[in-house]
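What follows is a single structure, written as structure tokens, with notes after it.
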Amino acid sequence: MSKYKALKEQAWECNMEIPKLGLAIYTFGNVSAVDRSKGVFAIKPSGVPYDRLKPREMVVVDLEGKVVEGSLRPSSDTNTHAVLYRSFSDIGGIVHTHSTYAVAWAQAIRPIPIFGTTHADHLVEAVPCTEVMDDEMIKGDYEEQTGQQILDAFKKRSYKEVEMVLVACHGPFTWGATPGKAVYNSAVLEELAKMAYLTLTINPKAPELKKTLIDKHYQRKHGKNSYYGQK
Amino acid sequence: MSKYKALKEQAWECNMEIPKLGLAIYTFGNVSAVDRSKGVFAIKPSGVPYDRLKPREMVVVDLEGKVVEGSLRPSSDTNTHAVLYRSFSDIGGIVHTHSTYAVAWAQAIRPIPIFGTTHADHLVEAVPCTEVMDDEMIKGDYEEQTGQQILDAFKKRSYKEVEMVLVACHGPFTWGATPGKAVYNSAVLEELAKMAYLTLTINPKAPELKKTLIDKHYQRKHGKNSYYGQK
Amino acid sequence: MSKYKALKEQAWECNMEIPKLGLAIYTFGNVSAVDRSKGVFAIKPSGVPYDRLKPREMVVVDLEGKVVEGSLRPSSDTNTHAVLYRSFSDIGGIVHTHSTYAVAWAQAIRPIPIFGTTHADHLVEAVPCTEVMDDEMIKGDYEEQTGQQILDAFKKRSYKEVEMVLVACHGPFTWGATPGKAVYNSAVLEELAKMAYLTLTINPKAPELKKTLIDKHYQRKHGKNSYYGQK
Amino acid sequence: MSKYKALKEQAWECNMEIPKLGLAIYTFGNVSAVDRSKGVFAIKPSGVPYDRLKPREMVVVDLEGKVVEGSLRPSSDTNTHAVLYRSFSDIGGIVHTHSTYAVAWAQAIRPIPIFGTTHADHLVEAVPCTEVMDDEMIKGDYEEQTGQQILDAFKKRSYKEVEMVLVACHGPFTWGATPGKAVYNSAVLEELAKMAYLTLTINPKAPELKKTLIDKHYQRKHGKNSYYGQK
């Protein structure tokens, strides 16, 4: 029996959440779950539709993206996941989707402004959007470079406070302390993307949320004196 | 056995309507039900996802928001509910959601204009939007102040004729004679918010509904000679 | 046993289609079915939610809108139905909904332009929108006058070729040779309303469909040499 | 037993995907499946609702559109399918829908710009939109001419690289090596149409995707060194 069985089941379960939450159709998107002690992560095999995906088909790779266990090819985005696991040392899972509204903002090459408390409950600034990749990077190791683009966007912010990003012209990546939290962040991001879209259409001059409200909402949920949720 | 069992079950049932009606995802939103004779209300525990919520987990608090029964923390919005129950003496339930279109109007800091008879069937004016809270209030007792912002918006209107409000940059609160009616109002508000959004996109100069039509529709449903519904 | 049993069941079944098709929530909307030989129509009782509606609760009224059988009040829109049955002598059913996109066009007080063949498959011109009712009419017999507004809009067009209308600031009414066809028309109207909304947003100068294409599509489905559907 | 039984079942199954995927309501849309060795294709009968459609009712026609087997009339769009099968010699199935966002672009008479990698994963340019048909063609053999309009749009592009098209003022046609792939393309097209719609609303000046990114995504999925999917 595989020593990665539990990890593969966890990754599989989180992958199966993606179509249920309406975050991707067909084979779009992928979720991975990492086991830091074993130095590996399990990820969706490339191009396999969710409705046929089996737990044992999850591919186990090391943090360089090399296959450790599994007969199928891992997701073509595996190297992007690997970059993030190497640099964001405390995350437990990563999700990439092509959810409709988040992709629209990525294609518009615009960060998602922070307009309200739903957003501030989860992060204290706009959802960042990477730079458009330059041609050298695209022709090089593209998926690795996609990860680098994300790292660049996090030079001036913390991956623990902002657990989501838009890759310009492409779509969203999210992460979290657990793979389940990363999936949650993908669903929340799609909702924030839709709310911001509607807000801007109603009022193209809608102001960003004021700093005091951002802090209040973020701190009541995530600060050291937080009182949202259970102890 | 808890003497609040029936109240907690009523509150639980109404909370469970929220995700079914598509008015909130995950732990967003909360419903409370009041028992005026006992001076308490039952409310959703904070941060518990709807699909795991149990009737016995509902938290019973007094009208100052102090816990009377229950081992979980009540919703972080409990004090806002408490303010409303103290001031709106005839309401039986309160609902707070993050429904998408209503939040968009709140984030745009715009009242929802009364464009048609669907709206006039329920209230005779735009759905009001509170002022943006000033920094002192935010840093003070935030949830209490959120309630105060709502009360301010109702100085010049009746909470019995207008059973819904947008808290600027945040989202909707609704109420009603019963918790079930409050839930109904949340679903209606979301529909009005969507209709108004589409109306403005089709015709940015769409006029507000004329007074005679507003009165006709509101009176045929709610006036003393109403003929909508059953006797 | 009621001699209207079959009629009431037919009307009930068609009413139950409305929430299934997503054309109305709660108690919004109503469907009626006429029996020309008996001079009556069966219609939804006022304010009863679809999920509790029973076939025997359908109210039977004559073509003046007077109750013939049933213990509940008929829909508050009954007189509008009655006007249409008296004037549109070949229709078998009428539907009124508050479907979201059709209401938005009605609230924008704009006919729905004929932009494509989906529209031309069903009617050869824009979906008409009535005038806004003047104050005298509103204060008079409102529902009767709503019917009159619709008749006015059909002075220059045939109710057999155009089986749908928007009542300004209110919402859609549709009809057809059978109640089932009237329901079908309500669903088609909502789809046309959504398509036209999106079309205008993409291209505010989108042209109306050219006459030859309108005729071709309408005639291949409804003309004497039609070849759409089965003989 | 019919010698076309397997072909008819395949066509039926693919037709049944259309309403499940939300790509058409009622009788809108049609799918066909070709058997090149027998020189025939099976197609949906005209005007039959999906929920009553039976495998044995599929109509088998030759590549000129003449009925070979079946007692029902074939889809009114049969001749358009026939033109495409004759000219696009390697396709195995064709789908026509009235999916909402794709129709909106067709009605706006606008190709769908290539804004992101979701699009580039499937084709390397905008989804083309045909010219509006001129009056002579409309009055002639309309469905045959619709096919000709599509062929005209493919004079300067390959039907193997671009498996989808918008017929101006009408709606989308897609095809593929198999009928299943053609259905997949219809669902993908609708998603691309929605993403592009939202992108343009957020940023009316959103740039088209740069050539290097288009090539990278298309080649990693479809090029000779592709590494997306399984071998």
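Here the chain labels run A, B, C and D in written order, and each chain numbers its own residues starting at 1.
Here is the rule we go by: contacts are C-beta pairs under 8 Å (C-beta built on N, C-alpha and C of every residue); 3 or more make two chains touch, one makes a residue touch a chain.
Treat the numbers as computed from the prediction; the structure is a model and nothing was measured.
The pairing of subunit A with subunit B is characterised as different-residue: of all residue numbers used at this interface, under half are used by both copies.
Work out the mean CA point of subunit A and of subunit C, and you get 46 Å between them. The geometric centre of subunit B is 33 Å away from that of subunit C, both derived from CA atoms. For subunit A, residues touching at least two other chains, in rising order: 201. Contact topology of the protein chains: cyclic, one closed ring where each chain has exactly two touching partners. Those residues of subunit C lying in contact with subunit D across their complex are 115-118, 184, 187-188, 191, 194-196, 198-199, 201-203, 206-207, 209-210, 212-213, 216, 220-221, 227-231. Residues 25-28, 45-48, 72-73, 76, 98, 100-101, 103-110, 132-133, 135, 138-139, 142, 169-171, 197, 200-201 of subunit C touch subunit B in their complex.
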